[in-house]
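Two complexes come next, and they have one chain in common, subunit A, joined by subunit B in the first and subunit C in the second.
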Partner chain A sequence: MNDLTLMRKNLWRKPVRTTLLLISIMIAFLLFGVLVSFNVAITDVRTAPNRMVTLSKINFTESLPIAYYDRVLHTDGVLAATHMNWFGGYYQDPRRGFLAVFAVDPDSYLRVYRDDLHLTPQARETFLHERTALLVPRNIAERYGWRVGQHIPINSNIFTNGTNGGHVWDFTVAGIFETPDGNSQANSVLIRYDYFNDTITFGKDRIGWISFLTTSATVNDRVAHAIDARFANSQDETSTQDAAAFNRSFAAQLGNIALVVTLVVGAAFAAILLIVGTTMALAVRERTKEVGVLKTLGFSSGRVLRMVLGESMLLSLLGAALGLLAAAGVLYIFSRINGGGGGGGGLHLYPSVVGVSAAIALALGLVTGLLPALSAYRMNIIEALGRR
Partner chain B sequence: MTDLIRLTDVEKTYTRGKEKIAIFERLSMHIPQGDFIAIMGPSGSGKTTLLNLLGGTDRVTRGQIEFDGKRIDKMNEGQLTNWRAQNVGFIFQFYNLMPILTAAQNVELPLLLTNLSQSKRRENVKTALNIVGLSDRARHKPREMSGGQQQRVAIARAIVADPKLLLCDEPTGDLDRTTADEVLGTLQLLNRDLGKTIVMVTHDAAAAKFAKRILHLDKGHFNEQELAA
Partner chain C sequence: MASLFKQVGAVTSMNVRSIPQRAAMSIASIVAVALAISVLLFFLALSHGLSQTVEGSGSNDVAIVLRDGAGAELNSVVTRDQLNIIAQAPGVVHRGQTPMVSGELLVIVDGKKRSTNTNANMPFRGIGPEGLALRHNVHIVQGRMFRPGTNEIVVGAGLLREFSGFEFGRTIRLRGTTWQVVGVFEAPGTVFDSELWADVAVTQSLFNRPNVFQTMRVQMTSPAAVQSLKRFVHDDPRLQLQVLSEREYYAQQASQSTNGFTIIAWFLGVVMAIGALAGALNTMYASVAARSAEIATLRIIGFSGYAAFFGTMVEALMLSALGGVLGLVIAFIAFNGRTTSTLSSGFTQLVFKFELSPGIVISAVVVAIIIGVFGGFLPGIRAARVRPQLELAAQ
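Showing the complex of A and B:
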């Protein structure tokens, strides 16, 4: 037996009470783990520091004339550029999740995103030369069971296909690619712009946005200013920003996730703080006599304080561990269901979230245990034992 | 016989509101090593306060308490806590065992304050439970034992760290006569065979007869002292 045994036994003195406390702490950390991981997944996308995006000043759903592409490409300080269109899309049934399909110019795209996609030379060649070629990230290919060479019909929920009057386009899988962890292209399904542009019934010769690399991140501001100044007072004014900011503003269209996380998780933790704090205080008060006995036997006040604090921390850490375990499970299921895109694919419990959770759990244990621990620390033996 | 405890001109007062209550005024006494004293007296005579002062769980207002030649009234809280762990075993009227721990774990508690290895601790616990005749109840929790058995576990806990002094506050106050006599017999054995010095507070004249000496405390003074048969 040691002090930890005592803490553990004290914690489980009333199993129903401890179980209920654990469940409440677990729920708070489950919410925290899921919401914060979701927020991290959609906002913390890794991009090169010299990657920038030019899009309509109104918002990213407004398109730009394709002529802008050449002008941006030839702006001083721009190393390479490509353009992209949001196609939207789903495979067979929209209830299975949407696909983040982008129509891109193959040659320039593969230059700008050279380091982001791990492609076989064969896949690259096919994508460069086949009009109906489709590039798919591995997680999506596995989810739908797609193979290279397979013909895939993809529906757009925005555009109409002028060749058949429907919303379906036929593609052939040219390659399955992988991306570094957390990469911005991790969930992107890529189709060719020429095929897209030739077959759509509206919005022809317009592009969604221009993605480009500057010669150095130090010239980003100057280049952005030059591009936006060039299109100022035109029918299609632009806004140029670095890719990280673009990704964040894209995510913000889903709502202020950070605010939702802060409010929901804050409320949950505040409630837990009160519940656990009150229960711990009650638990120590119930043990007044036992604390008196321990001190009589020679346990120092400091040791008693550490034991009460340790108990509340044990409770908090155990609840947090169970909550994070549940969060990992929920995120895994969510990732499997929504692997097709929109932040669902590759969603997992991030190490940073686990680290922050551990810190919160320790703080929670400390705060909830501090008052009862101090009360035990100050407890007078004679009063505790009622011996006067 | 050398004195284990010596109280000199001890004063103890409590403050209740604006009122000062004097429990002892210039109380002096000495307890030789190996003695077994029963302290009797009416309620409010200061028996429990005396036990608290002897055990270092309360402090004198004035005067000196020496234990084995050392002034315990001069010790700070930390020193007193360590001294208590090494030198004093406590036995309470209501046993005060930890309900969440088994008999063996309850007995082991004072050994957590020592540097003994786990195997040595286990060995000592076994010996202590053997002495009180409860080795077969080591894995039982207090609620699974009778009052007499619980008090014997409390005695094992009090002696496991081999203290020189045992302080017993009404150790048989919650027990029937037969069980009380068994517990008192155990205390007598500890005094006689293991040389433990025992100070026992009791209201029970029959219990007091197990001691070597009976001291009657009244209004803060020992007004009678007699040798037990």
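Showing the complex of A and C:
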């Protein structure tokens, strides 16, 4: 019988108490896992450092003349550029959620987002040549049950289709693509700009924004300056920034999510720190006599200390593991429900969250076990055996 | 029966007076309940404050006209022809010869959020000459109203508190034109308090949307007249439009904005309450264990098991009630009445206050009581089942 067995037996001698402690630890890590993953998903959209966007200086919802695209493309330091329009799309019923549908120029889009979309060569060819082609990320295709080759009507809550007078356009699914983890295109449904521009009744020959790559991130500032200076004092002034900065400021519009997450998670951990800490202290106090017996049998004080600390570590690691498991389940359910434009697409438990959780669990075990362990360490045999 | 009450009273007062002996665990469980309650209150107050602001914006006798199926202002289109037809509808209030209608155009411009210094979407609303008169409870508190036909802006006081870039007297360049902020208006507790207003005709021409409105607001003689305007529009094939009273419109917008926050409130609140419950159960089991000799003695001298049960129950309820009260105190001090802003369903920033309501306070109290009842029940049963002889022999 080694010390680990003894720790395990100690931990489970009061199964109700241990189960209750595990539940409360589990809950703190469940909240941590879910909330921090949400925050990461919203704020930490991964983009290449040399990816930039040119938007209207007034606001990103204002459009720009299409002529700007060529000028940006031919600016010194720009490697590749493409333009995109927000379509305001939804499928059948807007109450089922909105789709992030973008009208793009296929050729240049597939060049700028070459590393972002995993696409079959056939899907690529179809999107390049079929006017009504539609590209869908896997999570959305699964959510709506769409298959390649299927005809899909998509509504716009902004534009009117000049060919039928309504707000609906017909598309054919050209391909279903996958994106790397946390990619900016994870929820993008793509349609062709030429089809869009030829059929809309207003806003023709305008583009939403220009997305481009610079030759290297070191020239970003210079390129941004050159582009914005070029359009200064025109009807449509621009604001050029790197895509990561734009994503961050967009996420900040929702509110200070990071602060709210910190406060809630902090409250949860403060609560379990108190609960687990006081209960561990009680557990060791109850075992005073046993500690006396162990020491009488020749267990060193150091060994007794390690055993109490080990027990609290075991408890908090076990609770953390259960909590993260629950968090992964909850996040999976959320990403299923919210697969559409809500940004819940690629939501899952991030490895970084698991790493930080492990560190917190160790710290929690240490802090809650330290005082009881020290009191066991200092306990003197005569007193321990005599005390009731 | 009377003796049972007496017994319960005696045991309870003994329990409560002995709480200080178990101070650490009792405090831990009070704090855990308090934290769970304050997280619940935080999100409920946020959701309630947001919904009060949006709902408080509409009146019953003003009709809002949108494109059929648009759902929100930003997606709507109303043409000048349609506007003119509706202005002639029965039930529209006239001031002298002019019908009190306002064709409006909402565009989004960037402001800077003061707390983070990042760009944020500001609603920039072009309103017709009757636009101000159509909104009750709006008044200019600094400067004056914009003059029709000029590039002048008035700004809501709420927007100014949270966002910079539109201070009184400032000039702003938009679309190659200079605009001046000539006034500040107050529209307390409404969405308008976080808007910028300018002349609609100027807005249309400078934002390149000639003769296009998004919405139209119409002052009707009575709430009933809003209903007859609905029929009027429905019966005219030229008008593929939707008519709502302003109140109906903002009630819809409010539920869209706040449903998410209410779900978050209850998800986090319930999850944290379960954690606090686990803590409370532990505390109460420990309390029963610590008092087992005392309970055994009481049983031998004739106290019933019920007394032991209720004594434990009352102790648990007291701890969770204290936690609930502490949670409410935290809520009132830390965030009730504070101003904040978020992206509303209209895709623009909306400034509002955290607001606790009697209903919210009651839900918090109920949650605390539920934690107490569950936290006391099983330990109470264990207390009632203490077997005196065995217990005392073991000591």
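Brief remarks follow.
We take it that the second predicted complex is superposed on the first by the 347 of 388 C-alpha atoms of A that agree within 3 Å, B and C clash if a C-alpha of one lies under 4 Å from a C-alpha of the other, contacts with A are read in each partner's own complex, and residues count from 1 in each chain.
Operating definition for what follows: contacts are C-beta pairs under 8 Å (C-beta built on N, C-alpha and C of every residue); 3 or more make two chains touch, one makes a residue touch a chain.
Because the structure is a prediction, the values reported are computed rather than measured.
With both complexes superposed, C is the one of subunit B and subunit C in contact with more subunit A residues.
Look at A:I382: by the touch rule set out above, it reaches subunit B but stays clear of subunit C. In the superposition on chain A, A:S301 makes contact with subunit B only, while subunit C stays out of contact range. By the touch criterion defined above, A:E290 reaches subunit B but does not reach subunit C.
When the shared chain is aligned, subunit B comes close enough to touch A:D3, but subunit C does not.
In the superposition on chain A, A:N161 makes contact with neither subunit B nor subunit C. In the superposed model, A:A28 makes contact with subunit C only, not with subunit B. By the touch criterion given at the top, residues 16-17, 20-21, 23-24, 27-28, 30-31, 57-59, 61-62, 88, 94, 157-158, 160, 167, 202, 233-237, 248-249, 252-256, 263-264, 267-268, 270-272, 274-275, 277-279, 281-282 of subunit A touch subunit C in their complex.
Those residues of subunit B lying in contact with subunit A across their complex are 14, 48-49, 51-52, 55, 57-58, 77-78, 81-82, 84-86, 90, 92, 96, 98-101, 105, 108-110, 112-113, 121, 157, 169. Of all the residues in subunit C, the ones that touch subunit A in their complex are 24-25, 27-29, 31-32, 35-36, 38-39, 42, 69-71, 75, 77, 107-110, 113, 115-116, 118-122, 173-176, 207-208, 212, 268, 271-272, 274-276, 278-279, 281-282, 285-286, 340-343, 347, 349. Only residues 1-3, 5-6, 9-10, 12-13, 289-290, 292-301, 381-382, 385, 387-388 of subunit A touch subunit B when the two sit together in their complex.
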